[in-house]
Amino acid sequence: MTDLVSTIIAKYNYWIYITLMMIGLYAMIAKNNLIKKIVGMSMFQTAIILFYVSIGVKKGATIPILEYSHGHGHDTQLVVHAADYVNPLPHVLMLTAIVVGVATLGVALALSIRIYDRYNTLEEDEILTQIREEK
Amino acid sequence: METIETITSIKPLLAVLISLLVVPILVSSRTPNVREAWTFVAAIAKFLLVISMLPVVLNGAEIVYTVAEVLPGVAIKFRVDAFGMLFALVSSSLWIVTTIYSIGYMRGLKEHSQTRYFCYFALALSATIGVAFSANLLTMYLFYEMLSFATYPLVTHHQDREARSSGRKYLLYIVGTSIAFVLPAMMISYSLAGTLEFSGQGFLAGTSSKEVTILLLVLFLFGFAKAGIMPFHSWLPAAMVAPTPVSALLHAVAVVKVGVFSIVRVLTGVFGTDLLLSLNLGTFIVYLASFTILVGSLIALSQDGLKRRLAFSTIAQLSYIVLGVGLLSPKGITGGVVHIAMHAFGKITLFMCAGAIFVATGKKNISEMVGIGRRMPITMTAFFIASLSIIGLPPCGGFLSKWYLVLGSLEAHQMPILFVLLTSSLLNAAYFMPIVYKAFFCTPQEAMFENTVQEAPLFCVVPLVITAIISIILFFYPQPFFRLADIMVRNITGM
Amino acid sequence: MKIIGLIISVLTGAMLVYAAADFPAWSDPSSPASTYLSPHFIEKTMEETSVPNIVTAVLADYRSFDTMFETAVIFSAGLVCFFLLRTTRRKESETETTHYRHTLTGVTIQIKEGHTLPPSDEFERIDSLWTPSGLIIKTSCRLLVPFIQLFGLYVIAHGHYSPGGGFQGGVILGASIIMLAISYDLRTIIERISEKMVAVLCAVGVLIFSGTGALCLLLGVNFLDYNALAPILLVDPLTARSHAILIVEIGVGVAVMTTMIWLYCNLSSAGKYNQGL
Amino acid sequence: MSQQYPALLVVVPLLSAMIISIAGWVNKRWCFPIAVAALGVAACSSVGLLLQVLDQGKVIYLMGGWPPPMGIAYYIDHLNGLVLPVVSIVALLNLIAAKKSIEQQFPDKIGPFYSLYVLMVAGLLGIVATGDAFNLYVLLEIAALTGYGLLAMGEERAPLATLNYLYMGTIGACFYLLGVGYLYIVTGSLNMVDIAGILPDLYQSKAVLAAFIICMVGVWLKMAFFPLHAWLPNAYTYASSAATGLIAPLVTKVMIYVMIRLMLTVFTPAFVFSFLNVSDAIVWLAVIAIVTGGVLALAERDLKKMLAYIIVAEVGYMVGGAWLGNRDGMTGAILHIVNDALMTLCVFLVVGNIVYKVKSYAFENLQGLFRKMPFTMGAFVIGAMSIIGVPPTCGFFSKWYLITGAIAAGHYAFMAALLFSSLVSVVLFFRVFEICFHEPFSDNHGHDHHSEAMDEAPLSMLVPLLIVAATLIVVGLYTGVIVNQIIQFAIPASLV
Amino acid sequence: MIWQLDLAILTLVVITGIGALMVKDLLGAAILFGAYSFMMCLLWSIMGAVDVAFTEASVGAGVSAVFFVAAVFRTTRRTKD
């Protein structure tokens, strides 16, 4: 029992990310409103970002900015220990992912505005009924 | 077994391509005369190319040309051997005749889209020669399919509802069987043997179990539905909606003969006679063919449409060839192979006669043709000669091939086949002779035509006279075909 | 659909939970992710690029190729929105009605298309749906915007030493303009920064980035290998890297700022550019 | 300059996309020449790369001069060396062919269209060329985003269909990203070759298994593999013909390339085929995909949707072939990437020409087309023959390898599905041909048939189409060369 | 790092996320989504990912929310679920 609890505690970030992802995925599939789906999509993306950021975390490490080299004289004697700084690579990747997220968001919203212009509703079932009636 | 001398030459490729090359000229030429002149030139050039290879083949050598190695161990490759030569000779010579006839027929009926017609005709001939000269199963399949698609616009030339439904049936049978049966059979053979090259003794021997061999045989036999083996025959009568020259060349000569040619090629070049003999599969083929012969002839009896009757006659006659090869005896194979030529000349004459009658009188049904002999004596005489040839009576070429078939069945100790051959000859006579009889010998009251001679246009009559005469000549001088057949038999039996 | 969604998400979740069991413990310093590549970045960044902010260094130098396409992604989002939404021609059925307010009395009047208002200073054009008239909002935004923009510039320029960089700075700059557009109205912004300028600047931003890379290529080394820029920037190769990173960050900043404005203009006016949020 | 081909390949289109976008605001007439020039450079460098690969094996290009795994590297081997020229040439041909219809459809948005088009090609080329798992994601998104833009500008229903595609595409890309994250967490690397070097010790790990499954599902979503195909037909049908001409031939094929790359390079055949025992199940899925695609295509009454369903079936071919787990099947799948890209391009260009002239692609409006547009229809016949799989068109030969692979793997259902699909294609295409050839019916035995005169598409649309049609046959004849010189080396020796 | 705080924020993230999806008003959903993003941003800054947090603060909580509001403004607030 303690084992289970410790597993849960040791990786709770992962569990939360999985929960968020499931919520996002469910919203994308099951929600009827187009904008709600887009919200779900954004949550899905942020969940993955959370996962990546969690990979980078390191116990006892600080943010990945070398503090004592402020200014322009690069001191060659300076020794940097990798263990002192969190892993910067996932952060870099996730910056890109966030950008992709906002780009997708913009396009999706533009599409939903187009759809609203045409069908005057954002509910998927109502749109499909309209399409069927037109046939 | 003697080694066969091979010569590399581009001639087979040229012979195939020559009709493709004239297609652009046909499309671009504005006047009908220029267009038909070019078709004619192509036909003669093709014939000459084929003829120029004849001496080499008669000397026992083979001409080989590889176009491209497309798959490991399989190339698009041509090989001119005796059997292919025989078939190429028949089809290329008949193209010339048919071209003349087409000009007469199409102009006589003022058909539409004649340019398209001549183009696809040329394409179909390319494909036929391609099948004849192909060195392996893949090349053969390639040209076989090309022929199927090239003939579709010819069959549906009239572009009306009837043509559409017939075209549908045609494609369904021909393409359906080739994709569903031949293609997998070819793939299985390839994965078993690692090659698709036709060889004298077949390449499947020793690579496959009995069950697989039987499966492959069935797939191949029914897959080449152009041969019209029952139950995959009903496309042939349906395809009779096509203009008569198309029926004449393609359904009496090119398409159906490509079907049987392919079957014979596969039986000899893929399976090999030894393998078939050792598994006793010849009998199966023979009985299958016999069934088609008898049933086809019986159905022919009941048909009133002249072209439909000829179509069922064709179905029956094609199986003679399969039967001959199925006997697996040298004489039987010779008979079957020579029957390709003999039947071609006979049947094309009959079809051209049917067309000539249609052009001159507009009649399609036999019951409307009483007394027609008085009006079109030349045509009906040719009809008479050709039907003699088909029935297998001297002095016509058909007699010789049937004679060899009889000898072959004796050689193979297949007595029931003798009976089949005899019965079918009687049936042949029964469905041809009444036509001729009614045409010439009827009472004046019965006659449906005025008693003045009025033949079809000259372009229509001359070709059918030529082919009828050739049918007779072949009785006296059948040597080229027999020599080719001999060479072929020597190759496949190793004797 | 709800049930299918539930099943799919539960299945996915179950598989992920199952796989997570094999993960290294969270925040474990000895996990492969922390021991394989990242030490190199952490320890060598200063030597190789002379940028203390490792994230900036990796973003704009080691993995600058990614970042270049990230900028292109943002650019394409702006372009797609424009492509999809922008309508230059109105539908036949719609007639444009413009709304004016009498500044002294607050009375709003509608002017149908084809009619004009007599020229007067007392009327100001307003949006039909949204009429921001709050003096407090306008004034405070007006006061705030310069500071926000200054901060944005700082974030871009100081990205080497502190969190931030072209992307964050660009968004802040863009946000400042968007704020202006919300507190005033869309027309005000479009009068100051024309659509054409936004669109061209957006492409120029990406061009700065990829052009820098292409310049390296022209100078005979690999794409985005900033060392080659040393002779042009008149510094030693190591500093050249640091400077080049600044250049590309500026490119990113320009592209992101303009794209944000572009996206906002298109989305809030549904491509009509007449009135916004 | 020749060692810079990998950079030129992607960078030139990217730079020109920006320049086109600016040019669109200055002078619209410059857009098209710049786009053609950019794709021309890309095509030349991709061909140059292929020659280099043939000459010296692998080509590695370090972006920014950073050695992998620190930086991003492009690895060009025989596999993507083959796919790159196909992508760039298909894109170039379609661009030239689409000029008129773009001008017809988007007169005031020419600049953005060309810009998005070229950007998308840059993305697709990058996906194929890259050797970095995360870089692939970024490029995937760039190709996807521009693709949404291109697809959504079409008929009335296009935005909705595209939005559905966007949801699915985003889930797919995110799954892929997640899979890469899983790989990163256990290996610490993002470079494909590097990951492949570390993985063998970790085959037992559940995380690797999960990574593989997630990546595959993501990629399948993007390529519209059977149960995940629902977005494709609508998205492709309602888009403009210029956009479908680019997207239909390339996107699914590039995704199949990604799948094969993941299977062969990242996870290696040892893991995919020997360690996991799922090949059979996936080939069965492919069988269902092929059959469903064919049957659904039969139910359609308009040309474009029918072709869209054929794409679903073709995806089944390639996935099935790749998963047969033997050399022939893999060869067939890779060869089919090339062939299918070309033949899909061919048929969609035909649709483009028809739409340009007839303004419709519903079956009932195709009457008399053989008379009206003989060259277009001629190319259509060749394209159809290739899809049916008639020699010597290229479609036959990839089918040949797929079937040999199926026989070698003993998977006769897959073989049967391929044959079934050929038969269905015959029915599908001849149904169209019948309408174009026979109808409208006239009662006079066809004598006064089709009095309308010829009304062909303009030359700029016709010439690329005819080139593609001829290529279908040429590629077919050179199958032996392609397989022996290129594909043979693209498949690791461990896969027998 | 204070794990209690971490846990609390994680819970808040989930709550705001679900809230954004549940609320029957799209404008409310947009605002809740902004809150969700902001919580996310806090979480990441706790984890030491300052750059990512910075970006998320400006993009997710800022611009994205504005885009949502703009889109809702151009379409409708009404939603059935």
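Per-chain numbering from 1; labels A, B, C, D and E assigned in written order.
The criterion applied here is as follows: a contact is a pair of C-beta atoms (placed from the backbone, for glycine too) under 8 Å apart; a residue touches a chain by one contact, two chains touch by 3 or more.
Treat the numbers as computed from the prediction; the structure is a model and nothing was measured.
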item	value
Chain-contact steps, minimal, separating subunit B from subunit A	2
Reference subunit E; chain at largest CA-centroid distance	B
Core chain by centroid distance, with centroids computed from Cα atoms only	D
Of all other chains, the one whose Cα centre sits farthest from subunit D	B
Which of C-D and C-E has more C-beta pairs touching across its chains	C-D
Centre-of-Cα separation between subunit E and subunit C, whole angstrom	19
Chain centre separation in whole Å, for subunit D relative to subunit B (CA means)	43
Rounded Å distance, subunit A centre to subunit E centre (Cα mean)	11
Gap in Å, rounded to a whole number, between the CA centres of subunit C and subunit A	18
In subunit E, residues with contacts to at least two other chains	50-51, 55, 59, 63, 67, 70-71, 74
For subunit B, residues that touch 2 or more chains besides their own	none
Shared-contact residues (touching 2 or more other chains) in subunit A	12-13, 19, 23, 25, 27-28, 32, 54-58, 61, 63-65, 89-91, 93, 95-96, 99-100, 102-104, 106-107, 109, 111-114
Chains that touch, pairwise	A-C, A-D, A-E, B-D, C-D, C-E
Subunit C residues touching subunit A - in the complex, by the definition given at the top	1-2, 4-6, 8-10, 12-13, 16-17, 20-21, 23, 25-29, 31, 33-34, 37-39, 41-43, 45-47, 50, 52-55, 58-59, 63, 66-67, 70, 73-74, 76-78, 80-81, 84-85, 161-163, 167, 238, 263, 266-267, 270-271
Of all residues in subunit A, those that touch subunit C in their complex	7, 10-15, 18-19, 21-23, 25-30, 32, 54-61, 63-67, 69-70, 72, 74, 78, 80-85, 87-93, 95-96, 99-100, 102-104, 106-107, 109-111, 113-114, 117
Residue ranges of subunit C in contact with subunit D within the complex	15-16, 18-24, 31-38, 40-41, 61-66, 68-70, 72-73, 75-77, 79-80, 82-84, 86, 88-89, 196, 199-200, 202-204, 206-207, 210-211, 213-214, 217, 221-227
Subunit D-touching residues of subunit B, taken from the complex the two chains share	67-72, 75-76, 110-113, 138, 141-142, 145-146, 149, 153, 156-161, 163-164, 167-168, 171, 175-176, 179-180, 183-184, 187-188, 190-191
Subunit E residues within the subunit C interface of the complex	50-51, 53-55, 58-59, 62-63, 66-67, 69-71, 73-74
